[in-house]
Amino acid sequence: MTAPPKLPSVAQLRVLYADTDQMGVVNNVIYLRWLEIGRAEWLRQRGQPYKQLEKLGYLLPVVEAHLRYREPARYDDVVDVAGAPTEVRAASVKFEYQLRRAADGVLLCEGWTTHACLSPDGKVRRFPPELTSLFQADPR
Amino acid sequence: MTAPPKLPSVAQLRVLYADTDQMGVVNNVIYLRWLEIGRAEWLRQRGQPYKQLEKLGYLLPVVEAHLRYREPARYDDVVDVAGAPTEVRAASVKFEYQLRRAADGVLLCEGWTTHACLSPDGKVRRFPPELTSLFQADPR
Amino acid sequence: MTAPPKLPSVAQLRVLYADTDQMGVVNNVIYLRWLEIGRAEWLRQRGQPYKQLEKLGYLLPVVEAHLRYREPARYDDVVDVAGAPTEVRAASVKFEYQLRRAADGVLLCEGWTTHACLSPDGKVRRFPPELTSLFQADPR
Amino acid sequence: MTAPPKLPSVAQLRVLYADTDQMGVVNNVIYLRWLEIGRAEWLRQRGQPYKQLEKLGYLLPVVEAHLRYREPARYDDVVDVAGAPTEVRAASVKFEYQLRRAADGVLLCEGWTTHACLSPDGKVRRFPPELTSLFQADPR
């Protein structure tokens, strides 16, 4: 399997003991937390923290998620988290992610999520032009 | 250390792989989830599910928690969860818990939590008489 | 989007307060725990608990996971968990899952995972015939 | 209630959306993860990462934990994590913790954990002199 083009890292984290399971590696459920870090830090670095988006009335719940676990992450590993939007539509956006072991750059896991854009009352809401532009800022 | 008097079980759960850590036992952070099950099921069995309490305007956030881990819980163990209120004051209540391995009754963990009674806007709120009575229903 | 054919439920769970997030619904990271329950209970009901598979030297780590969140699950909801193997190869197996609100059968989330078959030392290991047969037991 | 003497911060973390619950604040179960960060980073900063302790044959499982939640932590808050050993015995050690909102230093939660010292086969093991000295390094 060929490695995908490298996304730029937006955050680093360190694996907790609580993240491991009795197989001696990070349990599969933990990685979705790391994807959240990836998209949150991408947004923060573009000046639009997700917290602010919610205040403006744009909620972005996850509607689909995909994870491809390639190599196990282990206790105390430092992990580089890369996340970036790769597709934006009228009222949805897709983020892609790569999680790499910081020590050697090995790809541990890659994945993507899609998000609906909702108003606080749960109705589908179109992105305003400035958000559409924001999500198109990093063409791959 | 002498074992405490046995509390009646209110629920059973089964240990997930995701609950274990690389020591091969359930990680310490998981048990607070199990305490929630203990108090929720005690309330449900007395006809006052916590969900209903919140609808009535009584929120019971945890203000203090204590856990004494006695024996490790392991993957796929069935655990008996016991929880019951043991002290009620004007605007707070204490729950005590015991987690036992169902197979042999061995006490895995015991603990307690205290809860404030708040209104939805976050102000301290006295329990109404019927809730005080409810929490006094099971004297130890 | 048409609903997929219904898989038989293998377990029920109840949503914890700890499973929710500030959007007032179950957070997306929780569902991968529920998929584990789906495959574990399917295996248990066929007489081959995963714990026993590990003792026999067959480890089944998740190598890929997919989740499609359709409707939000909420605090205290009872959820029917369906999981079943749908493809088996020489050294891998795919499970599919459906999570439905027990009260009305509404599909909350569907997903799938693929699993490698490894020996305890981490090498790819072919399923023995009896496991291949087991995983083929429920043709869709 | 008087505030305890301030412990020096050893790490910072940022609250995830996945850490919150439908009360709009961080759920109580999350804080035990943060205590792990506190003791792990204290050890790392003294040149003895916990990972290395385990390699040397010293396991330090949590045997007791206590949490006092003072103020709610909220989504996207930056939290200063302080942890330090405060009592060391022949084969056990106690850590104390403080979690403060970085923005204003407000104490969100304080707690402590006690840890047994075990060998890899699960037997109680005395600390060697260098570990006893390490844990006594920061008298309060």
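Order as written gives the chain letters A, B, C and D; numbering starts at 1 within each chain.
Basically, a residue touches a chain if its C-beta (ideal position, glycine included) is under 8 Å from a C-beta of that chain, and two chains touch if they have at least 3 such contacts.
These figures come from a predicted structure and were not determined experimentally.
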Check: How many degrees of rotation map chain B onto its copy chain C on CA atoms, rounded to the nearest 5?
Finding: 180
Checklist line | Greatest separation from chain A - chain, by CA centre | finding: B
Check: If you average the CA atoms of chain B and of chain C, how many Å lie between those two points?
Finding: 28
Check: Once you find the CA centre of chain A and the CA centre of chain C, what distance in Å lies between them?
Finding: 23
Check: Distance-wise, how many Å sit between the C-alpha centres of chain A and chain B, to the nearest whole number?
Finding: 34
Note to self: Two or more other chains touching the same residue: where does that happen in chain D?
What the structure shows: 17-18, 23, 25, 28-29, 32-33, 36, 75
Checklist line | Footprint of chain A on chain C - complex, ascending | finding: 23, 25, 28-29, 32-33, 36, 59, 61-69, 72, 113
Notebook entry, point to check: Which residues of chain C touch chain D in the complex?
Noted result: 17-18, 20-25, 27-29, 75
Item checked: Interfacial residue positions of chain C with respect to chain B in the complex -> 14, 16-18, 32-33, 36-37, 40, 49-51, 75-76
